[in-house]
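First the structure, in the form of structure tokens, and then the observations on it.
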Amino acid sequence: MPPTKISLLGTGFIAGIHLESYRRFVPDAEVVAVYSRSRERAEAFGRTHGIGRCYDDLDRAATDPDCDVVDVCIPNDLHARATIAAAKAGKHVIIEKPLCLTLDEADAMIAVCKANGRKLMYAEELCFAPKYERVRRLVVEGAVGRVFHLRQCEKHSGPHSDWFYDHARSGGGALMDMGCHGLAWFRWMLGGQPRALSVSAHMQTGLIHEGRTRCEEHSVCIVEFEGGAVGVAENSWATLGGMEDRVEVSGTGGVIFADLFMGSSALTYSENGYGYAMEKAGSTRGWTFTMFEEAFNQGYPHELKHFIECVREDTQPLVTGEDGRAVLELMCAAYHSARIGQKVTMPFDAPRSTRPIDLWLGA
Amino acid sequence: MPPTKISLLGTGFIAGIHLESYRRFVPDAEVVAVYSRSRERAEAFGRTHGIGRCYDDLDRAATDPDCDVVDVCIPNDLHARATIAAAKAGKHVIIEKPLCLTLDEADAMIAVCKANGRKLMYAEELCFAPKYERVRRLVVEGAVGRVFHLRQCEKHSGPHSDWFYDHARSGGGALMDMGCHGLAWFRWMLGGQPRALSVSAHMQTGLIHEGRTRCEEHSVCIVEFEGGAVGVAENSWATLGGMEDRVEVSGTGGVIFADLFMGSSALTYSENGYGYAMEKAGSTRGWTFTMFEEAFNQGYPHELKHFIECVREDTQPLVTGEDGRAVLELMCAAYHSARIGQKVTMPFDAPRSTRPIDLWLGA
Amino acid sequence: MPPTKISLLGTGFIAGIHLESYRRFVPDAEVVAVYSRSRERAEAFGRTHGIGRCYDDLDRAATDPDCDVVDVCIPNDLHARATIAAAKAGKHVIIEKPLCLTLDEADAMIAVCKANGRKLMYAEELCFAPKYERVRRLVVEGAVGRVFHLRQCEKHSGPHSDWFYDHARSGGGALMDMGCHGLAWFRWMLGGQPRALSVSAHMQTGLIHEGRTRCEEHSVCIVEFEGGAVGVAENSWATLGGMEDRVEVSGTGGVIFADLFMGSSALTYSENGYGYAMEKAGSTRGWTFTMFEEAFNQGYPHELKHFIECVREDTQPLVTGEDGRAVLELMCAAYHSARIGQKVTMPFDAPRSTRPIDLWLGA
Amino acid sequence: MPPTKISLLGTGFIAGIHLESYRRFVPDAEVVAVYSRSRERAEAFGRTHGIGRCYDDLDRAATDPDCDVVDVCIPNDLHARATIAAAKAGKHVIIEKPLCLTLDEADAMIAVCKANGRKLMYAEELCFAPKYERVRRLVVEGAVGRVFHLRQCEKHSGPHSDWFYDHARSGGGALMDMGCHGLAWFRWMLGGQPRALSVSAHMQTGLIHEGRTRCEEHSVCIVEFEGGAVGVAENSWATLGGMEDRVEVSGTGGVIFADLFMGSSALTYSENGYGYAMEKAGSTRGWTFTMFEEAFNQGYPHELKHFIECVREDTQPLVTGEDGRAVLELMCAAYHSARIGQKVTMPFDAPRSTRPIDLWLGA
């Protein structure tokens, strides 16, 4: 069986991680095309990585006739357009978080993929990160009894690319960008599709990106689930010192703590500094937590390999567009909660064509 | 100057810690009387520790003619009565958390102490725990810029004494018992008397003490303060594995993590187990986090020494009845928030004679 | 290019890790044959893993006509015989540590592979473990200046298989079994082939395997290298609590600490226990350090993938039979040092047909 | 009973720690005199701390008529002279490590104290550091079975004061300065006076203090004790990043790890840095391990309180001049071992008037 051919949309940070993961860990996949809105960047990426076709036209990249799969690693506001174009052209789609900007977009994406019999995988890598997957299996084994509390933090000092800070393009700040991970992970840990009973959220702004963005820089979001479990997602674009990604699980029979970056790293003291410690780490002088195999430890290879297997064996991905939509719905409720200063009871009848952050800022 | 004489009310866990702290670290203090509602326990405690007068009558103990200070380490529902009796008899009072059960009681306690020119110290040891005090000074030094997020966890598997589980006597569960620490610490970290803007809380019950109590076993409480800082207190009577007491401080210029128990302990693997690892630790077989100098590390000696100095030098304690009252007010708002499922705006006009937990359970 | 075909000698713990690593991470490799001295075990392993040919005859397995590579995962005393048979039959060989039992064997293995133009890779996974490889690159980057001290620990409570405890078959205890890792890693960190100036070692026995073995259960081995760096290898078959594998690097410009197991794990408290925490962990009740992706984190996939690439692209493995021989030489010096209670100056003219441990025990 | 009066010899780093410890934790002690060879420093110290008598004459300070105890915190080469003068004048003596420079000095000190019926305490604070004392009691409780291996590290980037680097005054480098702690701790952990069977040591120089000192900057010292336990002391003046002080205990029934500084600290990330992280920490920007109550955590108050009690109650100190002498003897053997490149069998007949380091450097 020949390799599954992929058109990779994007040449940024996350596109690089996907490419590395395919190359090193998914032998059945072959990236045959790449897109960037800048022709130079597309060609430079293609040249560096030996990818034959380089596009600066999104629709053409998403419908490349020789690819089987489109891998969407472009800004949030282009997710729906790329997915719909690809699915109409008969491509399976794997898409980086968040799924898209509005529930309308989500519904359209899901519907088009369904109508065309195409798979739509929501690429939530925390469902595949090997340490967190071990945590999930501990829970399934009964190691900590009945889970009643989940905490997930993802924090750093803010994204590199400008579009994240433009709320019209990103649809939100720390919660939209990183809280989506925690919310997806809560659902995953609670069996996949637990019913959410309520959402409440606190947003903070004006911390370290004052003047650059209207997006929230720090958020705390609490979700109550049917069966009694509570999830607390804490997210930040205003936390210095490198990437923080950790989880806590509390059950009636025990607890689990897992830390994806610091908690796996080597501990280094360097008088003069060195090249790279971990994502968003800043200076490397003095004490640093030095990471390694970051893509693997975050589960990208496992996630992409899983999707390629789904495509090749015609099975259902573990995390789908519906899951991405459910996370988006929780985020809509969270921003609304932050606006009204109240807990929002689920299901929340969110406006279907409004970006999450606009439910907080006002349209 | 002769030692300051103390009547110690209580012979339980916390009374033992106070006694040890006085004896080892506060040479100017002398415990001269002890009270337990059980005459046997009072006498056994007195005998063991060489304390001359042993009472099973609370009012007589609180008004012991030869003491200068009454140290209140008895169940919550007796706090007001003991304090008022002591102050009327001209004693200075130091009182374990929480201050009392209702705002009416708090007001009466404060008023009586004031009227009698007596000091009333609210014994919040986290304001004195040396690691946390170092954290506070880091913040004061500007090490982490402007603080915008505080987290404090205190969790264990539930108190030993039965009265804690009787909500009429304790006035609440994990939040009342342990969340009071976090709330007091937030105020302390933010300068002492920051204005709270809102309180919201989630309560969980039926976890591991099902049938034993109507109190909440796990709580998350979020307070927004003037100036923008947010505090998250997470508390539990349903967390196994020993005492968890940790803080996180996020500022615009950095972060601080401090862990009072695990994060100071020796790490032990013992095939056969041993005597004692830490408060509430359960089994000592396998891996355990072995604590030492627990009273000192939690700041009890520093706290008691400070109070004795205040008494001897006639100065104002750093943490007072007013602070205890403010924490009680936040807790009232928190339980009310849990009931209505909504954030409560402060100031919250709490019923003045209702126990905090009754604002959640309904009276 | 068709996959490279492998005959896997052994069905034990390490053979299982190799198989998993090939299957998941080395798509160009195919295990086509397996050997165990027990026909039942060979067939069970083959059946479970879908391997076509199952041998209980070592020489036939090592010369299987349809394989390109022989992967040696059998007891130490069979290493030379299997390698020599395989090389004579035109197979490339990858061999688990230690290389063999005597310098004569080592020389013969190297010579036969050379004469037949076959590759001989010494499978030292610590040279490939991703966290340690990151440590090595930190050093190469100059992050810690000139390295003057290296420490490597590998400790657990003793091997599962009986043959390890029979010194005639294993050639040594904790040092031979695990110290070989540290010694190889020192050489690797110091550029590959640093000249050793001296070796000294302390051995302890009669700890927890009294009566079962004459092998040392705990050892400390110190090597001085040209240029001034000192390496300390500490190894144990008598350390409870699970696998310990850590390194420390001290340089004139900084330090690095890395811990392969505990230092990457999730931290779990389980009242009832669960299936598996980590290699040699014992009980899973109470606190445990839960590992995940153990093979990957120890570098097995990287190591095997590297070798298969060497075979397919006809390049030289990074770690060779000569390296295995150099480690064996250091171990001979170490056991001799333990016997005479003195530091041994290198080069040490070890008897060429004596097992390392016999230099300590006396032949 | 009036306070015990102390003449404090020295105004440097360690003298400051002793003073703080007396003041805060030893109410029965009163520092009434202070000595520095510089009159200005003595007077500045006295003024700052309210000490009445300030000396720049060592003998007068050591024989101050109004003091009961002399506390020796001056350079190593003055230890014997001060102790002997004090004891002859009827003072009890507590002396910082190491005891003195030669065995002759040690014998004289012990003899004079004995002849004058004065107590001589060897102030090894690791015997009193509360975390390590908890470790010792774990061992006594049987938590880890029979102890067969001890490791103690004390490392930093080198002392502040110049005299340490002058081997004629200090008598040695990292081992003499810090290894004395490890060696004393091994003895303490093994019951107090275990017989040492052998000593071997490796010394390194020319690391980061090239040209400033002939003292060793890094050392590894291994002691075999009767009963089979082995102790490994690793010490450094060339380790950057702050104070490292940790122990490992391996027994037949378990293991213990304890870390006095990093392992108790708060973890701080500070963009701009702050005042002080821990002893020898260097920069406070980026990640740092922030210590607190350093004197207490190292056991100084416990140690000094113990000695003052011994004086007041006329009991024998737990650690005496004989212990200091035994440690000195082990160090003599260690330096000799480093010179001859061989393990030294104990008892080692060290030249009685030679400084330890001269046994390595040659006189």
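Annotations for the structure displayed:
Should a chain be cited, it is by its letter among A, B, C and D, assigned in written order, with residues numbered from 1 in that chain.
Assume a residue touches a chain if its C-beta (ideal position, glycine included) is under 8 Å from a C-beta of that chain, and two chains touch if they have at least 3 such contacts.
Quick caveat, the model's predicted, so the values are computed rather than measured.
Of the two interfaces, A-B and B-D, the higher number of touching C-beta pairs belongs to B-D. Of the chain pairs listed in A-C, C-D or A-D, the one whose interface repeats that of B-C (more than half of its contact pairs identical by residue number) is A-D. In a homomeric contact, the two copies may use the same or different surfaces; for chain C and chain D, over half of the interface residue numbers are shared, pointing to the same surface. Chain centre most remote from that of chain D: A (centre = mean of CA atoms). Averaged Cα coordinates give chain B a centre that lies 39 Å from the centre of chain D.
For chain D, residues that reach two or more other chains under the stated contact definition are 240-241, 253-255, 269, 271.
Across the interface of their complex, chain A is touched by residues 240-241, 269, 271, 282-283, 285-289 of chain D. Residues 148-149, 151, 198, 200, 202, 204, 206-208, 218, 220, 222, 224, 228, 230, 232, 234, 236, 238-241, 250, 252-255, 341-343, 345 of chain B touch chain A in their complex. Across the complex, chain D is touched by residues 25, 27-28, 130-131, 133-135, 138, 141-145, 253-258, 263-264, 266-275, 284, 290-293, 296 of chain B.
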